[in-house]
Structure formats: structure tokens, C-alpha cells
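Note that the chains take the letters A, B, C and D in the order they are written out, and that residue 1 is the start of every chain.
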Amino acid sequence: MKLGLIGLGKMGYNLAQNLLDHNHSVVGYDVNAQAAKDLQGYNPNAIPAETIEDLVKQLDTPRVVWVMVPHGIVDNVLDTLSPLLSEGDIVIEGGNSHYKESVARGERMGQNRVYYYDVGTSGGTEGARHGACFMIGGNKEVFATIEPIFQDLSVEKGYLYAGEVGAGHFLKMVHNGIEYGMMQAIAEGFEVLDKSPFDYNYEEVARVWANGSVIRGWLMDLTERAFSKDAKLEGIRGVMQSSGEGKWTVETALELQASAPVIAMSLFMRYRSLEEDTFHGKVVAALRNEFGGHAVVKK
Amino acid sequence: MKLGLIGLGKMGYNLAQNLLDHNHSVVGYDVNAQAAKDLQGYNPNAIPAETIEDLVKQLDTPRVVWVMVPHGIVDNVLDTLSPLLSEGDIVIEGGNSHYKESVARGERMGQNRVYYYDVGTSGGTEGARHGACFMIGGNKEVFATIEPIFQDLSVEKGYLYAGEVGAGHFLKMVHNGIEYGMMQAIAEGFEVLDKSPFDYNYEEVARVWANGSVIRGWLMDLTERAFSKDAKLEGIRGVMQSSGEGKWTVETALELQASAPVIAMSLFMRYRSLEEDTFHGKVVAALRNEFGGHAVVKK
Amino acid sequence: MKLGLIGLGKMGYNLAQNLLDHNHSVVGYDVNAQAAKDLQGYNPNAIPAETIEDLVKQLDTPRVVWVMVPHGIVDNVLDTLSPLLSEGDIVIEGGNSHYKESVARGERMGQNRVYYYDVGTSGGTEGARHGACFMIGGNKEVFATIEPIFQDLSVEKGYLYAGEVGAGHFLKMVHNGIEYGMMQAIAEGFEVLDKSPFDYNYEEVARVWANGSVIRGWLMDLTERAFSKDAKLEGIRGVMQSSGEGKWTVETALELQASAPVIAMSLFMRYRSLEEDTFHGKVVAALRNEFGGHAVVKK
Amino acid sequence: MKLGLIGLGKMGYNLAQNLLDHNHSVVGYDVNAQAAKDLQGYNPNAIPAETIEDLVKQLDTPRVVWVMVPHGIVDNVLDTLSPLLSEGDIVIEGGNSHYKESVARGERMGQNRVYYYDVGTSGGTEGARHGACFMIGGNKEVFATIEPIFQDLSVEKGYLYAGEVGAGHFLKMVHNGIEYGMMQAIAEGFEVLDKSPFDYNYEEVARVWANGSVIRGWLMDLTERAFSKDAKLEGIRGVMQSSGEGKWTVETALELQASAPVIAMSLFMRYRSLEEDTFHGKVVAALRNEFGGHAVVKK
């Protein structure tokens, strides 16, 4: 299949290579023009586009355009793309969008009879390159048109048509919420080991847990890999950034009155890790001093 | 009433003054001999004892001895005290003991027909001085003998015979667990204010919340006082020490299969505040780097 | 002072009586016309209005109108009220609005040069009647005009001009978040007592904790009162409803990247209490069965 | 190798079959004599023992005896076994013991110069049968003697000599703590899906997450399997039992002052699930009624 791909960054470029490996033609566009040229160097079935307009022109109708750009500029890209498309064209948005945005975009694109698919992608950059996991929302009938793309890009059984527009990014959001909780659980385990009276080799611990245990899985494989590079992680600080989906999951849980303590705590511990000191800590310390004369730590 | 008081530290000395103000005679002993002399200086009804043996000798049977010493040396004091006592004597242990220790001590003292009362004390040093809150476990019938002491030392309605030995310290333990949760709740509120788009005067906020609101109470009064001394608490660090009862409450909740998420989280945030950086944070940061190429913060 | 009061429900009626007791004149309106007549019966300084238009007509400029209606109809009332007002008039909105709504309403009213004050009220219905706590946002200079109302309605020191529009409801929101945490902390304490080996009288426990302890305060007074009516709370179910501000606090904490584990857990336990059984529980039970053959509880 | 195996229950029998498949001889004993006979029926290299004494007699020195019995009777078995052993014999204890018990047992056995290995086993009954994960503590030099057993019983890389006695069960304990957190994270994700506006097929969701996603792993495979049997888990109740290691992990975290909010919350949600109604819920409901007149749900 020939399809357009807007955005050739960390994820998009890897997806493009993955597509090319599976004999698809990719008309590629990125604000950094070199990326599309590099892609052509990798495989001549990659056709660089100089603009989004140029990209659309090089596709046959019904066109298939995959948008893989940072969260903040999806709407800009859609604003440019939308007037260039025709009835029956298909837009796949594969970034980390909020599902409500996807629902709104789907409605907007639907007004021009363009089919909009919101696709959550998991598996990291490695997955994008060699086989990822896709959670897909959008029109059910038309999905058959693009299904071969997902069959090729994913590992076996690694894609799901999940429901109407929004269902894809909702599922990806929840996936990331679970990921937060699982990572924090693993991390707490190593925290307890690190304070234990025993002298564990963490790489070996991760390896044994990755082989045959109940908690084996890709995150444990990655834990092993991380410790193989830095046995005690002495080179890094425990600052836990977050990119939004965990927060969205907690917000959604609040909205749906779903109890999600573990996902919420995982997120709060991340926020906590961004601060050297906390105001709430000062308040508790000051209170202990007031009622019990307990010493405070002066600055 | 004439009673012995072993331990004239921060809490014990204040209790002694409070007793003397209410016309009790206090035979006082402390490892720091000066404390008992100072107490006599405050009120001649205070009689310094040079040793625990000396203290016991100066009391009439049935003797009443209040032990108010740090948690770690209660058993030492009881070992010294026990052989000096006679059947029918009364020991009041007013420190922060674990209730299971109190149950064991009560049994031990009971073998010599000494009545043992475990007394949890709340209200801080101010309360000890001017009227505190006492939670009391021990023999129900004999309690009438010592009730006048508690009537005088406490604020109105501020003492409770709570049940058999152990019931006092169990109640105090749970009280402190609640205290942890309430303090953390207040502190989180100010944390949110501190990150808010508004420019609040925290002393004024604490004052208005201390007057007429649902969350008014002594902790809010103390919050106001703390902010009156340091408007933004800039002089202290948010290091939240803990002295054991919160941990005991969570351990007891685990043992009783009681769900106590708020008290547990209050405690964990205290532990977290003791560390500049965390191992669990490193693990999560390393994992994010492994699967998504997300940058880590280098040391 | 003569002022209009729209909304004579549980809170509004009590505030009106409180105002009348302090020699203010109240032009009262409620959809239930009987309420305004009852108020006049209580004190002839209460003037019933048949409509909002009628209410506005009976006030002198600059008018002061207090809006005390359920959260969902504030905008309706303001839509009706706004065109009837003149430059320099003052609107006080005393309900439980989201602070962002208040900011928006303040801007809208400001376009007509009407001064808008967002006022968070705490202290329950008793407070409204006999002295409450008010957190007030709005124009600083004009506040002097309405300050006497708050002096009269509040307990001593029980009102605060907190900053620009929005600052009042933000403060009230956080107050309620703290309240959630404090209530859950108290409740967990009694949960531990209830599973303990001791046989406590909960009313007596609440009483002793309400007198002289660190955790004394109004919530503990109310705890005592609740147990005085039903010693083991056997007549009610532990269903914990919530009315929004706790959720807003957690959402705001997420937005501000503030760590608020205790407030969040308090809210999640409320959500949990609304369900007889949970889907997450089923998933965990099914997983335990899958890997370990652990028995599940059949329906 | 020829070794003794005491305990042929769910785990022990599967381990025995696994050993026999790898050409080891197993002298088996169980209180239920039929189990050892069944094992012999499975493979004639299994020799039934009628008593523990009989089992010991049939082994050559240095003997290797694997104890795989329920947590509560390990000490009984060791009491019987210990006097029958000789210097240099080896005992492997493969159950779910607390690591402090293992340390104590190791010391006790060491007094008779018997080598004691505490072995945590993960992978469920399937793992025991076809390849599990073993975390092993004990004497480092002598470990080579028994290492071939673990090589054969485990999946590749699925065993670890982790350190001195206690290190095995400590690691298994923490493994289970992580497991609690991961299971609760997965379960919360499905809870959010279940309350979402979308109509997901949970088996398909688990399948896509199990293939190529960041959160893939054995627990997700099992989730898929569970939903394949009961699409909405309608046949079971969400009662989450626990067997101790999660609680031990939280207790250990408390002792080590390690912050483990996610593991703790996972446990508390399990405790919560054991109750139809809660006392803490009643307290909060009663308090809301007291201060705000909010309706309670009557029994």
C-alpha cells in the first residue's frame, strides 16, 4: 500500500522503516526535510515530500495519511491537511492524544467525509521499528482498508480494532496508566531490596524475575537491561518525568468515579520526585515543632 | 494526693508542675538531679528523690508511681522499681509505649499484685502543663483511687478509662495515626495553595480556617501560629520525622486487616521526605529511558 | 445594611436569619415563595420578593445581591440578574462553585462594571445560622463596602478577603479537600478501633479526643455527637457520597503537579464505598486463580 | 541426583514430576500416602516413603531433602527431620516462609552442620511443573552441589543464588509485593475501561496488550486467559484474598523506612474487598450528616 506519513521523528521514522520493510510505499514529510531524504536513502520506496500539500498530491484516492507528530501540533497539521483531502480519504492519528480530542477531531474530519482513526501505539521506539502494539478507534467497515498496515507493523496479534473514534486513544491512555502502576510497583520492590540487609546484584535479580516468575514481562526485561548498564543506577537521579497519559488516566478515573489508588499514587510519586523539598513537608515539620517541640531541620 | 514521678523531662516536668498547681505532692526523680531541685524551687510540695529507691521510700502505701520516661528505658525503670513495690501499689506508665508492651508489663507487674495503668497522653507539652488528654487502661475498680489525678491534670472531660491494660496505649497509638493523617491533609492543602495562581497569606488562611470552618481545631490553630513565625516557612526544610506511633498504627491495621490508606500514605510521605533522592525514582527513570528513550537527569 | 438574597434553601435561609439577627434588612427570593414569607414571619425586616426583578427593584444602588443557590443554577440566576443591575452594583456568590467558573463569571459581570465576589462558606448549616467562616475573592477596594456583612455573619476572625475573584472558591475547594482527608483519617482510626481486641465506647473515645488532644476540633465534636445518637452506627450504611470539591481539589493538584496522596485516597475510598462489588476486584481474583489456583468466590 | 521431597501437594507434586522428567530420583513423602504412590505410578524413579524417617533412610549422604509444605507446618517437619540428618546434609525449604523465619531456621540447622537453603519459588503451579523461577539463599560454596537441580527445574536463567540464608525468601517476598502492585494496576485499568463510554471486549484488550505493548508479560497473558473463560467475569465476586507475602512486604517497608505506596495500596484494596460494608464509611457518612445535613443511606 502507498500511504503518506507526516512526522518522521523518533517514532515516525521507525514506523516508516517498518512499513518500508514490509513493502509499503511511504510518502514522507517532516519539518526537518533531511529526515525524509534519509528515509529515501534507507529504502527507495520512500518518497520525500516537501510540504504537506506535496505529500497529499503524491497519493491516490482514497488517500491514507498517517499523522505521527508531537501532541501539541496535531491540530495544526490537521488544519493544513484537512482542506487538501477528499471524501473517503483516511487519516490515522498515531500520537498520544487525549481521547476527547480524538472524538472532536473525528467529528470535524467526518464533516468532510474523511475517515478518522485514532491509534494508540505502544512498544516504544523498538516496537515502532520491529513490531508494536496498536489500539485503534474509528469506522468499523472502512477499517478493513487499512488493516493490512497494522498487520504488518505489529507483532502477531498486536493490533486491535477497539471501537468508535476515541476508543483507541482511551485504551492507550489506560495502558499507560497501568504502565505507571507496574513501573512504580517494580521500583518499590527494588527500593525495598536496596534498603534490605542483603546485598543483591540487581541485574541478576531482574534476570531471575524475568525468567519464569509471575512478574516476568517486558518491563522486567528492561529492568535487567538498565541494571546491566549501571549496576546501582548511580549515574542518574530519581527524577520521574511524565508525559500526560498517567495524569489523564487519573482524571478520567475521577470523572468516572472509578477507584484507582495505585495509578494515582504512581503519578503522585512522580510529581514528588520533581521537587528537592516540599511545602507540605515544611507544614508537617512546623506542626510537629509547635505541638511537641520536635526539632526541625533548618535550611 | 502524694505520688512519685519518675522522669522530669519535657513532658514529665510539665506534668509535675501541673500536679503541684493542683495541690498534689510530688516526689520527683530524674537522672538529671537538677530537674527535681528545680521543681522544688517552683513549689516546695515537690520533694526531690536521689534514686528510685529513695522515691519509693518517701511514699505511703498503697503507693502511686507515675513513670514518664523515654520509650527505650521504660523496662529498665520498671526492673528497678518492681522489687521495691508492695502488693496493691499502683504504677502509671504515661509514655509512648506500644500497647503490646503494656499488656506484657501489666501481666508482669500483676504477678506481684501491683496495679499497672498504661496511659496515653496527648496535648503536647502545653497540654501536660495546663491540661492534657489522657487515655487510660488498667484495672477498672482500682481506677477510682487515681481518678482524681487525671481530673486535675486534664482539661474538662479530657480523660477516659478505656478498658483493660493496653487499651490506653492502643487508643493513643490510633490517636497518633489520625494525627498523621490530619496533618498530612492540612499540609497537602497548603501545598496546593502554594502552587496555585493566587497569592495567599498563609497565616491569614490558617486563621480563617481556624475560626468557624469545618476543619477548625487545635492543629489549625498551630498552623496559624507556625505561619505567624515564618510566613512561608522559608527557614526550615520539609523533613518529616516520625516517632513510631504512626508506624505502629499502620502495622496494627495490617494485622487487623483494616484498610487505612490515608494513615499509611501520611507515613510513607514522611519516609520519602527523609531522602534527597530515591532508588525507586532511579528505577522508573531508567525504565522510561529504556523503552521510550526519555532523557534521564544525570547526577 | 439592606441586601438582596436569592436562594432561601438550607444554607440561604440560615444566613438570612443570621443577617436579620444582626439588624440587616433582607429582600429575599426563592423559587419556593413560602420560604420568603416564612422569613418575614421570623423577622419583619425580611421583605419577600416575588421575582428576581422584584428583588432588584427593592434595593438601593449600589445594590448588594447575595446569590445562594445550588451549584447547577448559578449561571441561570446570573443570566436573569445581570441585565437588571447597574454599574457599581455588587454580586456575592456564596455557593460551592468551581473557582474557574467564578473567574469566568467575575469577568462577565465586570464587563457591566458590576463587582463580583466569590465566597466560599464553611461551617455547615449551623455555621450559616450562628457564625460561619467565609473565604472571599473579588475587588479589594470595594470589599470595605460589604465587609460589615461578613463581620456580622462570621464567628470572630472567621472571614478573609483572600485575593482576586476566584481566590475565595479556590480556598474553599482546598478547605474541602483537607476536610476529606481529615474525615477519612478519623474514620480509619475508628475502623482500627472497631477491629481491635478492646471494647471501646466510641462516644467516650470521641469525647476524650475532643478534649485536650492534638486532634481535637469541630470534626471530633461532631464525631462524638454522631456516636451519641447511634453508639455503633448500626443504623446506617458506610456509603460515602461526595459533592464535588474533593474531586476538584485532586484535579487541581494534578494540574498543578502537587502531590496530594491523602486527599486523593480519601476520595477514592468514597468512590469505592458506592459499589457493592468491584470490577478491579474480580480481575485480581481471576488472576490469582489463573496463576496459583487460588479459589474465587462465586456469585 | 537422588533427593527427598517432603510435601506432595499442589506445588510439591508438580515439582516432583518436573524432577522425574529430568531423570532425578525422588523419594517422596506426604501425609496423604496416596500422593507418593501416584507419583510412583507417574514414574518408577519415584520411591514412596512411609514416614520422614523412612525417607531419610533411603537417601545417601550427603543427603538432599526438599521441604515443600504449607507455611504453618514447616517447623514441625524440621523438628522431625533435624535429628535424622547428619553433618553435611542439605535441606531446601521451598515454601512461602518469612525471611526472618528462614534466617532463624538456618541458624538452628547450622548448629548440626546441616546446610539450609531458603528457596522462594515463583511461576505458579504451571511453573513448578514445566519450569519455574527460584530465588535461593544459603551457603555459597555448597550451592554447587544442588545447582543442577535448579538448572533442571527452572526455565533458562530462572534461578538465582541470591546470598546468605534469608536472601531467597526476602527476594520472593518482594517479588510478591511487586506482583500485588502489578495486579492491582492491571485491575484498575480494566475498572476504568468498565466504567468508560466505550464497549470493549476485554479478552481482545488483554490480547493486544499482551502482544507488543510495554505492559506485556505473563500477568497480561493470564488476564487474557481469564477473560476468555468469562468475558465480563460475571460469575465471580471481587473478593481479593491474600496469603501473606504482600503484607510482609509492607511490614518490611515500614521497618526499613522505605516508601512503598503502591504495594501498600494494593494490599489495602484487598482488605477492603473482604468487607461488604465498612466502619470507616459509616463514620464519614455520619459526619457528613452532622455538619451538612447530607442524607445517609439507612440500613
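Quick note on the criterion: a contact is a pair of C-beta atoms (placed from the backbone, for glycine too) under 8 Å apart; a residue touches a chain by one contact, two chains touch by 3 or more.
Just so we're clear, the structure is a prediction, and the values are computed from it rather than from any experiment.
J.: Chains touching chain A and chain C alike, please list them.
T.: Chains touching both chain A and chain C: B, D.
J.: Could you compare the number of C-beta pairs in contact for A-D with that for A-B and name the larger?
T.: If we tally the C-beta pairs in contact for A-D and A-B, the bigger total goes to A-D.
J.: Determine, using the mean of C-alpha atoms as each chain's centre, which chain is farthest from chain B.
T.: For chain B, the chain whose C-alpha mean is farthest off is A.
J.: Taking all residue numbers at the chain B/chain D interface, are over half used by both copies (same) or under half (different)?
T.: same
J.: Rounded to the nearest 5 degrees, what angle rotates chain C onto chain D on CA?
T.: 180
J.: Between chain A and chain B, what's the gap in Å when you average each chain's C-alpha atoms?
T.: Measuring from centre to centre gives 49 Å for this pair.
J.: Go ahead and note the Å separation of the Cα centroids belonging to chain B and chain D.
T.: The computed centroid separation for chain B versus chain D comes out at 40 Å.
J.: Taking each chain's centre as the mean of its CA atoms, how far is chain A from chain D in angstrom?
T.: Distance between chain centres, rounded to whole Å: 33 Å.
J.: Which residues belonging to chain B are in contact with no fewer than two other chains?
T.: Where chain B meets two or more other chains at a single residue, that happens at 124, 184, 186, 188, 191, 194-195, 214, 218-219, 257-261, 265, 268-269, 272, 278, 280, 291.
J.: Which chain D residues qualify as touching chain A in the complex?
T.: Listed in rising order, the residues are 122-124, 127, 131-135, 137, 154-160, 162-164, 166-167, 170-171, 174-175, 177-182, 184-186, 188-189, 191-200, 204-205, 207-220, 249, 252-253, 256-263, 265-266, 268-269.
J.: In their complex, what parts of chain A are in touch with chain B?
T.: 10, 124-126, 183-184, 186-188, 190-191, 194-195, 218-219, 222-223, 225-227, 230, 233-241, 243, 261, 265, 269-270, 272-273, 276-299
J.: Over in the complex, which chain C residues touch chain A? Could you list them?
T.: These residues of chain C touch chain A: 214, 247, 250-251, 254, 257-261, 264-265, 267-269, 271-272, 274, 278, 280, 291.
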